[in-house]
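One structure, pasted below without further comment.
Should a chain be cited, it is by its letter among A, B, C and D, assigned in written order, with residues numbered from 1 in that chain.
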Amino acid sequence: MVHKCEIRVRYSDTDQMKRLHHGAYVDYLEVARIEMLRDTGFSYAQLEAQGYAFPVIGLNIDYQGAASFDELVILETRIQCTSPVRIRFNYELFVKEHRIANASVELACINLETARPTRIPKDFLAQLLAISS
Amino acid sequence: MVHKCEIRVRYSDTDQMKRLHHGAYVDYLEVARIEMLRDTGFSYAQLEAQGYAFPVIGLNIDYQGAASFDELVILETRIQCTSPVRIRFNYELFVKEHRIANASVELACINLETARPTRIPKDFLAQLLAISS
Amino acid sequence: MVHKCEIRVRYSDTDQMKRLHHGAYVDYLEVARIEMLRDTGFSYAQLEAQGYAFPVIGLNIDYQGAASFDELVILETRIQCTSPVRIRFNYELFVKEHRIANASVELACINLETARPTRIPKDFLAQLLAISS
Amino acid sequence: MVHKCEIRVRYSDTDQMKRLHHGAYVDYLEVARIEMLRDTGFSYAQLEAQGYAFPVIGLNIDYQGAASFDELVILETRIQCTSPVRIRFNYELFVKEHRIANASVELACINLETARPTRIPKDFLAQLLAISS
(Lines give C-alpha, C1' and ligand atoms only; values in the text may rest on other atoms or scores of the structure.)
Protein backbone atom coordinates (compact mmCIF):
# COMPACT_ATOMS: atom_id res chain seq x y z
CA MET A 1 0.00 0.00 0.00
CA VAL A 2 1.16 3.49 -0.77
CA HIS A 3 0.16 6.28 1.58
CA LYS A 4 -0.07 9.80 0.11
CA CYS A 5 0.38 12.99 2.08
CA GLU A 6 0.68 16.60 0.93
CA ILE A 7 2.65 19.28 2.78
CA ARG A 8 2.79 22.89 1.68
CA VAL A 9 6.24 24.51 1.83
CA ARG A 10 6.32 27.11 4.60
CA TYR A 11 8.17 30.39 4.16
CA SER A 12 10.23 29.60 7.25
CA ASP A 13 11.38 26.36 5.58
CA THR A 14 12.98 28.14 2.61
CA ASP A 15 16.62 29.23 2.61
CA GLN A 16 18.52 31.88 0.68
CA MET A 17 18.83 29.53 -2.33
CA LYS A 18 15.02 30.20 -2.51
CA ARG A 19 14.25 26.53 -2.03
CA LEU A 20 12.97 24.24 0.66
CA HIS A 21 16.03 23.79 2.91
CA HIS A 22 17.40 20.25 2.73
CA GLY A 23 17.05 19.84 6.49
CA ALA A 24 13.32 20.57 6.45
CA TYR A 25 12.73 17.42 4.39
CA VAL A 26 13.39 15.43 7.58
CA ASP A 27 10.47 17.09 9.35
CA TYR A 28 8.24 16.49 6.33
CA LEU A 29 9.14 12.77 6.36
CA GLU A 30 8.14 12.69 10.03
CA VAL A 31 4.79 14.36 9.33
CA ALA A 32 4.07 11.87 6.53
CA ARG A 33 4.93 8.97 8.85
CA ILE A 34 2.58 10.19 11.57
CA GLU A 35 -0.24 10.79 9.08
CA MET A 36 0.27 7.30 7.69
CA LEU A 37 -0.01 5.79 11.19
CA ARG A 38 -3.13 7.86 11.84
CA ASP A 39 -4.73 6.54 8.66
CA THR A 40 -4.05 2.97 9.82
CA GLY A 41 -5.92 3.65 13.06
CA PHE A 42 -2.90 4.23 15.31
CA SER A 43 -1.71 7.57 16.58
CA TYR A 44 1.90 8.08 17.46
CA ALA A 45 0.71 10.00 20.52
CA GLN A 46 -1.27 6.95 21.74
CA LEU A 47 1.67 4.59 21.17
CA GLU A 48 3.84 6.91 23.28
CA ALA A 49 1.11 7.00 25.96
CA GLN A 50 1.21 3.16 26.01
CA GLY A 51 4.91 3.19 26.81
CA TYR A 52 6.47 2.84 23.38
CA ALA A 53 8.82 5.17 21.58
CA PHE A 54 10.06 4.89 18.02
CA PRO A 55 13.33 6.78 17.76
CA VAL A 56 14.86 7.20 14.32
CA ILE A 57 17.98 5.06 13.92
CA GLY A 58 18.67 5.60 10.24
CA LEU A 59 17.98 8.33 7.70
CA ASN A 60 18.82 8.49 4.03
CA ILE A 61 17.82 11.17 1.50
CA ASP A 62 18.75 11.29 -2.17
CA TYR A 63 17.87 14.80 -3.40
CA GLN A 64 16.97 14.95 -7.11
CA GLY A 65 15.12 18.23 -7.47
CA ALA A 66 13.84 21.12 -5.41
CA ALA A 67 10.67 22.60 -3.99
CA SER A 68 9.81 26.27 -3.69
CA PHE A 69 7.83 28.29 -1.19
CA ASP A 70 4.09 27.59 -1.27
CA GLU A 71 4.43 24.52 -3.49
CA LEU A 72 2.77 21.29 -2.41
CA VAL A 73 5.19 18.47 -1.71
CA ILE A 74 3.56 15.07 -2.24
CA LEU A 75 5.02 12.30 -0.11
CA GLU A 76 4.34 8.69 -1.11
CA THR A 77 5.21 6.35 1.74
CA ARG A 78 5.63 2.58 1.81
CA ILE A 79 6.22 0.69 5.03
CA GLN A 80 8.47 -2.33 5.60
CA CYS A 81 9.03 -4.41 8.76
CA THR A 82 12.75 -5.10 8.66
CA SER A 83 12.86 -7.04 11.96
CA PRO A 84 10.59 -7.68 14.99
CA VAL A 85 11.89 -4.48 16.56
CA ARG A 86 12.36 -2.24 13.50
CA ILE A 87 10.18 -0.52 10.92
CA ARG A 88 11.38 1.13 7.76
CA PHE A 89 9.55 3.82 5.80
CA ASN A 90 10.45 4.28 2.14
CA TYR A 91 9.49 7.56 0.53
CA GLU A 92 9.20 9.17 -2.85
CA LEU A 93 8.72 12.96 -2.82
CA PHE A 94 7.17 14.87 -5.69
CA VAL A 95 6.28 18.42 -6.67
CA LYS A 96 3.51 18.00 -9.22
CA GLU A 97 4.74 15.13 -11.38
CA HIS A 98 8.46 15.78 -10.75
CA ARG A 99 10.20 13.55 -8.27
CA ILE A 100 12.38 15.72 -6.02
CA ALA A 101 13.75 13.04 -3.66
CA ASN A 102 13.84 9.43 -2.53
CA ALA A 103 14.24 8.80 1.16
CA SER A 104 14.12 6.11 3.80
CA VAL A 105 13.82 6.30 7.57
CA GLU A 106 14.29 3.37 9.94
CA LEU A 107 12.76 3.36 13.43
CA ALA A 108 13.44 1.13 16.41
CA CYS A 109 10.68 0.16 18.80
CA ILE A 110 11.73 1.10 22.34
CA ASN A 111 10.19 0.41 25.74
CA LEU A 112 10.04 3.86 27.34
CA GLU A 113 10.59 2.50 30.89
CA THR A 114 13.65 0.40 30.16
CA ALA A 115 14.84 2.52 27.22
CA ARG A 116 15.66 -0.78 25.46
CA PRO A 117 14.51 -2.23 22.12
CA THR A 118 11.28 -4.19 22.39
CA ARG A 119 9.02 -6.05 19.99
CA ILE A 120 6.59 -3.91 18.04
CA PRO A 121 3.16 -4.25 19.78
CA LYS A 122 1.23 -7.16 18.20
CA ASP A 123 -1.89 -5.33 17.10
CA PHE A 124 0.19 -2.53 15.64
CA LEU A 125 2.43 -5.03 13.84
CA ALA A 126 -0.57 -6.89 12.42
CA GLN A 127 -1.91 -3.63 11.07
CA LEU A 128 1.48 -2.72 9.61
CA LEU A 129 1.77 -6.11 7.90
CA ALA A 130 -1.75 -5.82 6.53
CA ILE A 131 -1.06 -2.47 4.90
CA SER A 132 2.40 -3.41 3.63
CA SER A 133 1.27 -6.54 1.82
CA MET B 1 24.71 44.33 34.19
CA VAL B 2 24.63 43.68 30.49
CA HIS B 3 25.36 40.20 29.27
CA LYS B 4 26.79 39.84 25.76
CA CYS B 5 26.42 36.79 23.56
CA GLU B 6 27.29 36.23 19.90
CA ILE B 7 25.44 33.85 17.60
CA ARG B 8 26.46 33.19 14.02
CA VAL B 9 23.57 33.08 11.52
CA ARG B 10 23.12 29.53 10.25
CA TYR B 11 22.28 28.83 6.62
CA SER B 12 19.19 26.94 7.75
CA ASP B 13 18.00 30.08 9.57
CA THR B 14 17.90 32.19 6.38
CA ASP B 15 14.80 32.48 4.23
CA GLN B 16 14.28 33.36 0.57
CA MET B 17 14.52 37.09 1.40
CA LYS B 18 18.20 36.14 2.04
CA ARG B 19 17.96 37.21 5.66
CA LEU B 20 17.74 35.65 9.06
CA HIS B 21 14.08 34.54 9.24
CA HIS B 22 12.13 36.58 11.80
CA GLY B 23 11.10 33.44 13.65
CA ALA B 24 14.69 32.35 14.25
CA TYR B 25 15.24 35.43 16.43
CA VAL B 26 13.15 33.70 19.10
CA ASP B 27 15.57 30.79 19.30
CA TYR B 28 18.51 33.21 19.45
CA LEU B 29 16.89 35.04 22.39
CA GLU B 30 16.56 31.68 24.15
CA VAL B 31 20.22 30.82 23.56
CA ALA B 32 21.30 34.23 24.94
CA ARG B 33 19.12 33.69 28.03
CA ILE B 34 20.62 30.29 28.74
CA GLU B 35 24.17 31.57 28.25
CA MET B 36 23.41 34.46 30.61
CA LEU B 37 22.18 32.05 33.28
CA ARG B 38 25.28 29.87 32.78
CA ASP B 39 27.53 32.90 33.29
CA THR B 40 25.76 33.65 36.59
CA GLY B 41 26.52 30.13 37.80
CA PHE B 42 23.12 28.57 37.13
CA SER B 43 22.31 26.22 34.33
CA TYR B 44 18.80 25.97 32.99
CA ALA B 45 19.28 22.21 32.82
CA GLN B 46 20.03 22.11 36.59
CA LEU B 47 17.02 24.29 37.43
CA GLU B 48 14.82 21.88 35.48
CA ALA B 49 16.44 18.93 37.29
CA GLN B 50 15.53 20.65 40.62
CA GLY B 51 11.86 20.71 39.65
CA TYR B 52 11.51 24.19 38.17
CA ALA B 53 10.45 25.19 34.71
CA PHE B 54 10.46 28.68 33.23
CA PRO B 55 7.94 28.74 30.38
CA VAL B 56 7.79 31.86 28.25
CA ILE B 57 4.61 33.84 28.91
CA GLY B 58 5.31 36.93 26.83
CA LEU B 59 7.38 37.76 23.76
CA ASN B 60 7.90 41.04 21.99
CA ILE B 61 10.23 41.81 19.09
CA ASP B 62 10.65 45.14 17.31
CA TYR B 63 12.60 44.45 14.10
CA GLN B 64 14.69 47.40 12.92
CA GLY B 65 17.22 45.85 10.57
CA ALA B 66 18.32 42.50 9.24
CA ALA B 67 21.06 39.92 9.56
CA SER B 68 22.53 37.83 6.76
CA PHE B 69 23.94 34.34 6.59
CA ASP B 70 27.25 33.92 8.43
CA GLU B 71 27.02 37.30 10.17
CA LEU B 72 27.49 37.47 13.92
CA VAL B 73 24.43 38.64 15.81
CA ILE B 74 25.38 40.28 19.10
CA LEU B 75 22.74 39.99 21.80
CA GLU B 76 22.93 42.33 24.79
CA THR B 77 20.68 41.09 27.58
CA ARG B 78 19.48 42.82 30.73
CA ILE B 79 17.46 41.02 33.37
CA GLN B 80 14.55 42.36 35.41
CA CYS B 81 12.54 40.68 38.22
CA THR B 82 9.02 41.87 37.53
CA SER B 83 7.40 39.91 40.38
CA PRO B 84 8.33 37.11 42.83
CA VAL B 85 7.29 34.56 40.18
CA ARG B 86 8.35 36.30 36.96
CA ILE B 87 11.58 37.30 35.26
CA ARG B 88 11.90 39.53 32.24
CA PHE B 89 14.81 39.64 29.81
CA ASN B 90 15.30 42.80 27.77
CA TYR B 91 17.42 42.51 24.66
CA GLU B 92 19.17 44.65 22.09
CA LEU B 93 20.40 42.82 18.99
CA PHE B 94 23.20 44.13 16.80
CA VAL B 95 25.09 43.21 13.65
CA LYS B 96 28.41 45.00 14.01
CA GLU B 97 27.35 48.44 15.29
CA HIS B 98 23.89 48.39 13.71
CA ARG B 99 20.99 47.60 15.98
CA ILE B 100 18.70 45.15 14.20
CA ALA B 101 16.09 44.59 16.92
CA ASN B 102 14.85 45.26 20.43
CA ALA B 103 13.11 42.42 22.21
CA SER B 104 11.77 41.31 25.55
CA VAL B 105 10.81 37.90 26.88
CA GLU B 106 8.96 37.26 30.13
CA LEU B 107 9.21 33.93 31.93
CA ALA B 108 7.10 32.49 34.75
CA CYS B 109 8.63 30.27 37.42
CA ILE B 110 6.66 27.00 37.55
CA ASN B 111 6.79 24.03 39.92
CA LEU B 112 7.11 21.07 37.56
CA GLU B 113 5.12 18.72 39.85
CA THR B 114 2.12 20.97 40.38
CA ALA B 115 2.45 22.80 37.06
CA ARG B 116 1.62 25.98 38.98
CA PRO B 117 3.47 29.28 39.41
CA THR B 118 5.94 29.24 42.29
CA ARG B 119 8.42 31.68 43.79
CA ILE B 120 11.76 31.90 42.03
CA PRO B 121 14.27 29.80 44.10
CA LYS B 122 15.95 32.08 46.70
CA ASP B 123 19.57 31.54 45.75
CA PHE B 124 18.75 31.98 42.08
CA LEU B 125 16.78 35.16 42.84
CA ALA B 126 19.62 36.59 44.95
CA GLN B 127 21.98 36.00 42.06
CA LEU B 128 19.55 37.58 39.59
CA LEU B 129 19.15 40.65 41.80
CA ALA B 130 22.91 40.94 42.22
CA ILE B 131 23.53 41.01 38.50
CA SER B 132 20.60 43.29 37.67
CA SER B 133 21.59 46.02 40.09
CA MET C 1 -13.89 39.12 8.93
CA VAL C 2 -12.19 36.38 10.88
CA HIS C 3 -10.09 33.88 8.99
CA LYS C 4 -9.71 30.41 10.52
CA CYS C 5 -6.80 28.09 9.95
CA GLU C 6 -5.85 24.82 11.61
CA ILE C 7 -2.29 23.58 12.05
CA ARG C 8 -1.41 20.22 13.56
CA VAL C 9 1.51 20.29 16.03
CA ARG C 10 4.49 18.47 14.51
CA TYR C 11 6.72 16.25 16.64
CA SER C 12 9.70 18.37 15.62
CA ASP C 13 7.95 21.44 17.03
CA THR C 14 7.73 20.03 20.56
CA ASP C 15 10.43 20.60 23.17
CA GLN C 16 11.42 18.71 26.30
CA MET C 17 8.63 20.39 28.28
CA LYS C 18 6.43 18.17 26.00
CA ARG C 19 4.74 21.18 24.50
CA LEU C 20 4.76 23.16 21.30
CA HIS C 21 7.95 25.23 21.63
CA HIS C 22 7.20 28.94 22.04
CA GLY C 23 9.30 29.81 19.02
CA ALA C 24 7.28 27.57 16.70
CA TYR C 25 4.22 29.78 17.25
CA VAL C 26 5.90 32.37 15.03
CA ASP C 27 5.99 29.97 12.08
CA TYR C 28 2.35 29.04 12.69
CA LEU C 29 1.36 32.73 12.61
CA GLU C 30 3.15 33.01 9.26
CA VAL C 31 1.33 30.00 7.84
CA ALA C 32 -2.04 31.42 8.97
CA ARG C 33 -1.18 34.76 7.33
CA ILE C 34 -0.31 33.15 4.02
CA GLU C 35 -3.45 30.98 4.07
CA MET C 36 -5.53 34.09 4.80
CA LEU C 37 -4.00 35.89 1.81
CA ARG C 38 -4.62 32.84 -0.38
CA ASP C 39 -8.29 32.81 0.64
CA THR C 40 -8.60 36.46 -0.37
CA GLY C 41 -7.31 35.62 -3.84
CA PHE C 42 -3.71 36.78 -3.37
CA SER C 43 -0.73 34.55 -2.93
CA TYR C 44 2.30 35.77 -1.09
CA ALA C 45 4.43 34.06 -3.76
CA GLN C 46 2.73 36.17 -6.50
CA LEU C 47 3.17 39.40 -4.53
CA GLU C 48 6.90 38.63 -4.22
CA ALA C 49 7.03 37.87 -7.97
CA GLN C 50 5.49 41.33 -8.61
CA GLY C 51 8.33 43.00 -6.71
CA TYR C 52 6.86 43.37 -3.25
CA ALA C 53 8.09 41.97 0.03
CA PHE C 54 6.36 42.14 3.39
CA PRO C 55 9.00 41.80 6.08
CA VAL C 56 7.82 41.48 9.66
CA ILE C 57 8.59 44.62 11.66
CA GLY C 58 6.80 43.80 14.89
CA LEU C 59 5.83 40.65 16.74
CA ASN C 60 3.98 40.21 19.99
CA ILE C 61 2.80 36.98 21.62
CA ASP C 62 0.99 36.62 24.94
CA TYR C 63 1.12 32.92 25.87
CA GLN C 64 -1.84 31.76 27.99
CA GLY C 65 -1.84 28.00 27.60
CA ALA C 66 -0.05 25.24 25.75
CA ALA C 67 -0.44 22.84 22.85
CA SER C 68 0.80 19.25 22.73
CA PHE C 69 2.07 17.05 19.94
CA ASP C 70 -0.58 16.09 17.39
CA GLU C 71 -3.14 18.59 18.69
CA LEU C 72 -4.80 20.94 16.24
CA VAL C 73 -4.03 24.60 16.85
CA ILE C 74 -6.82 26.83 15.57
CA LEU C 75 -5.68 30.29 14.50
CA GLU C 76 -8.28 33.04 14.15
CA THR C 77 -6.85 35.97 12.24
CA ARG C 78 -8.12 39.51 11.81
CA ILE C 79 -6.44 42.01 9.53
CA GLN C 80 -5.92 45.74 10.08
CA CYS C 81 -4.36 48.38 7.80
CA THR C 82 -2.42 50.54 10.23
CA SER C 83 -0.97 52.87 7.57
CA PRO C 84 -0.64 53.02 3.75
CA VAL C 85 2.57 50.98 4.03
CA ARG C 86 1.77 48.67 6.95
CA ILE C 87 -0.57 45.77 7.68
CA ARG C 88 -1.22 44.26 11.06
CA PHE C 89 -2.53 40.76 11.73
CA ASN C 90 -4.22 40.10 15.07
CA TYR C 91 -4.50 36.49 16.17
CA GLU C 92 -6.23 34.35 18.71
CA LEU C 93 -4.91 30.79 19.04
CA PHE C 94 -6.97 27.93 20.43
CA VAL C 95 -6.68 24.23 21.18
CA LYS C 96 -10.26 23.00 21.10
CA GLU C 97 -12.13 25.70 23.00
CA HIS C 98 -9.17 26.81 25.14
CA ARG C 99 -7.37 29.95 24.10
CA ILE C 100 -3.62 29.34 24.29
CA ALA C 101 -2.34 32.70 23.01
CA ASN C 102 -3.05 36.14 21.64
CA ALA C 103 -0.62 37.51 19.10
CA SER C 104 -0.07 40.31 16.62
CA VAL C 105 2.32 40.67 13.72
CA GLU C 106 2.96 43.88 11.80
CA LEU C 107 4.32 43.83 8.24
CA ALA C 108 5.79 46.64 6.15
CA CYS C 109 5.26 46.75 2.40
CA ILE C 110 8.65 46.98 0.69
CA ASN C 111 9.69 47.52 -2.93
CA LEU C 112 12.12 44.67 -3.56
CA GLU C 113 14.24 46.72 -6.01
CA THR C 114 14.74 49.76 -3.82
CA ALA C 115 14.42 47.89 -0.52
CA ARG C 116 12.36 50.83 0.71
CA PRO C 117 8.82 51.07 2.11
CA THR C 118 6.19 51.48 -0.57
CA ARG C 119 2.41 51.76 -0.66
CA ILE C 120 0.53 48.51 -0.47
CA PRO C 121 -0.58 47.63 -4.07
CA LYS C 122 -4.05 49.15 -4.72
CA ASP C 123 -5.92 46.00 -5.68
CA PHE C 124 -4.44 44.15 -2.76
CA LEU C 125 -5.31 47.01 -0.38
CA ALA C 126 -8.89 47.15 -1.68
CA GLN C 127 -9.23 43.45 -1.01
CA LEU C 128 -7.73 43.82 2.47
CA LEU C 129 -10.12 46.65 3.31
CA ALA C 130 -13.07 44.66 2.00
CA ILE C 131 -12.33 41.70 4.23
CA SER C 132 -11.45 43.77 7.30
CA SER C 133 -14.71 45.71 7.32
CA MET D 1 42.77 16.05 8.22
CA VAL D 2 39.99 15.96 10.73
CA HIS D 3 38.14 19.15 11.51
CA LYS D 4 36.55 19.47 14.94
CA CYS D 5 33.57 21.64 15.77
CA GLU D 6 31.44 21.88 18.91
CA ILE D 7 27.76 22.81 18.94
CA ARG D 8 25.73 23.20 22.12
CA VAL D 9 22.24 21.66 21.99
CA ARG D 10 19.62 24.42 21.99
CA TYR D 11 16.40 24.05 23.95
CA SER D 12 14.44 24.62 20.74
CA ASP D 13 16.24 21.62 19.18
CA THR D 14 14.96 19.16 21.79
CA ASP D 15 11.73 17.21 21.35
CA GLN D 16 9.37 15.56 23.80
CA MET D 17 11.63 12.50 24.00
CA LYS D 18 13.93 15.01 25.85
CA ARG D 19 16.63 14.59 23.24
CA LEU D 20 18.10 16.48 20.34
CA HIS D 21 15.50 15.95 17.58
CA HIS D 22 16.85 13.75 14.78
CA GLY D 23 16.12 16.44 12.20
CA ALA D 24 18.28 19.02 13.97
CA TYR D 25 21.37 16.90 13.30
CA VAL D 26 21.12 18.02 9.67
CA ASP D 27 21.53 21.68 10.62
CA TYR D 28 24.47 20.78 12.89
CA LEU D 29 26.18 18.98 10.00
CA GLU D 30 25.72 22.14 7.92
CA VAL D 31 27.24 24.34 10.63
CA ALA D 32 30.25 22.00 10.93
CA ARG D 33 30.72 22.10 7.15
CA ILE D 34 30.69 25.87 7.03
CA GLU D 35 33.10 26.15 9.97
CA MET D 36 35.43 23.67 8.26
CA LEU D 37 35.42 25.77 5.07
CA ARG D 38 36.07 28.91 7.12
CA ASP D 39 39.08 27.27 8.76
CA THR D 40 40.49 26.44 5.32
CA GLY D 41 40.31 30.12 4.33
CA PHE D 42 37.08 29.96 2.31
CA SER D 43 33.72 31.19 3.41
CA TYR D 44 30.57 29.69 2.01
CA ALA D 45 29.17 33.22 1.80
CA GLN D 46 32.10 34.30 -0.46
CA LEU D 47 31.73 31.24 -2.69
CA GLU D 48 28.05 32.11 -3.16
CA ALA D 49 29.01 35.73 -3.92
CA GLN D 50 31.37 34.41 -6.64
CA GLY D 51 28.50 32.62 -8.36
CA TYR D 52 28.76 29.12 -6.91
CA ALA D 53 26.24 27.19 -4.92
CA PHE D 54 26.72 23.83 -3.25
CA PRO D 55 23.31 22.21 -2.85
CA VAL D 56 23.11 18.99 -0.86
CA ILE D 57 22.41 16.00 -3.12
CA GLY D 58 22.78 13.19 -0.60
CA LEU D 59 22.37 12.79 3.13
CA ASN D 60 22.89 9.77 5.33
CA ILE D 61 22.73 9.56 9.13
CA ASP D 62 23.21 6.45 11.26
CA TYR D 63 22.01 7.34 14.78
CA GLN D 64 23.76 5.38 17.56
CA GLY D 65 23.09 7.44 20.67
CA ALA D 66 21.48 10.65 21.77
CA ALA D 67 22.28 14.16 22.93
CA SER D 68 20.44 16.15 25.58
CA PHE D 69 19.73 19.84 26.03
CA ASP D 70 22.81 21.92 26.83
CA GLU D 71 25.26 19.13 26.00
CA LEU D 72 28.10 19.83 23.61
CA VAL D 73 27.97 17.82 20.41
CA ILE D 74 31.44 17.33 18.93
CA LEU D 75 31.49 16.94 15.16
CA GLU D 76 34.58 15.45 13.52
CA THR D 77 34.53 16.08 9.78
CA ARG D 78 36.60 14.58 6.98
CA ILE D 79 36.34 15.80 3.40
CA GLN D 80 36.49 13.75 0.21
CA CYS D 81 36.38 14.89 -3.44
CA THR D 82 34.24 12.23 -5.08
CA SER D 83 34.30 13.79 -8.56
CA PRO D 84 35.33 17.12 -10.20
CA VAL D 85 31.85 18.47 -9.41
CA ARG D 86 31.11 16.80 -6.07
CA ILE D 87 32.39 16.98 -2.50
CA ARG D 88 31.53 14.58 0.28
CA PHE D 89 31.76 15.28 3.99
CA ASN D 90 32.04 12.33 6.35
CA TYR D 91 31.16 12.94 9.99
CA GLU D 92 31.44 11.32 13.37
CA LEU D 93 29.36 12.93 16.13
CA PHE D 94 30.19 12.58 19.81
CA VAL D 95 28.87 13.67 23.20
CA LYS D 96 31.91 13.52 25.45
CA GLU D 97 33.58 10.24 24.43
CA HIS D 98 30.37 8.54 23.26
CA ARG D 99 29.74 8.41 19.54
CA ILE D 100 26.11 9.32 18.89
CA ALA D 101 26.08 9.19 15.08
CA ASN D 102 27.93 8.69 11.82
CA ALA D 103 26.84 10.78 8.88
CA SER D 104 27.75 11.77 5.36
CA VAL D 105 26.61 14.65 3.18
CA GLU D 106 27.36 15.00 -0.53
CA LEU D 107 27.30 18.40 -2.25
CA ALA D 108 27.26 19.27 -5.94
CA CYS D 109 29.03 22.37 -7.25
CA ILE D 110 26.54 24.47 -9.20
CA ASN D 111 26.92 27.58 -11.34
CA LEU D 112 24.31 29.95 -9.92
CA GLU D 113 23.63 31.60 -13.32
CA THR D 114 23.07 28.46 -15.31
CA ALA D 115 21.86 26.36 -12.37
CA ARG D 116 23.94 23.52 -13.78
CA PRO D 117 26.78 21.43 -12.28
CA THR D 118 30.18 23.02 -12.75
CA ARG D 119 33.74 22.15 -11.76
CA ILE D 120 34.72 23.07 -8.22
CA PRO D 121 36.76 26.34 -8.43
CA LYS D 122 40.49 25.46 -8.82
CA ASP D 123 41.86 27.32 -5.82
CA PHE D 124 39.11 25.94 -3.61
CA LEU D 125 39.71 22.41 -4.93
CA ALA D 126 43.47 22.71 -4.34
CA GLN D 127 42.77 23.73 -0.76
CA LEU D 128 40.29 20.87 -0.29
CA LEU D 129 42.80 18.34 -1.65
CA ALA D 130 45.53 19.75 0.59
CA ILE D 131 43.47 19.29 3.73
CA SER D 132 42.06 15.89 2.76
CA SER D 133 45.44 14.28 2.13
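Here are some notes:
In this text, a residue touches a chain if its C-beta (ideal position, glycine included) is under 8 Å from a C-beta of that chain, and two chains touch if they have at least 3 such contacts.
This one's a predicted model, so the numbers in the text were calculated from it and none came from an experiment.
Chains making contact with chain B as well as with chain C: A, D. Relative to chain C, the chain whose mean Cα position lies farthest away is D.
One simple way to say how far apart two chains are is to compare their mean CA positions; for chain A and chain B this gives 33 Å. Inter-chain centre distance (chain A to chain C, centres taken as mean C-alpha positions): 28 Å.
Residues of chain C in contact with at least two other chains: 11-12, 16, 19, 23, 26-27, 30, 69. Here chain C touches chain B in the complex through residues 16-17, 19, 22-23, 26-27, 30, 48, 53, 55-64, 66, going by the rule given at the top.
Listed in rising order, the residues of chain D touching chain C in the complex are 11-12, 14-16, 18-19, 21, 23, 69.
Residue ranges of chain A in contact with chain C, taken from their complex: 10-12, 26-27, 30-31, 34, 43-45, 68-70.
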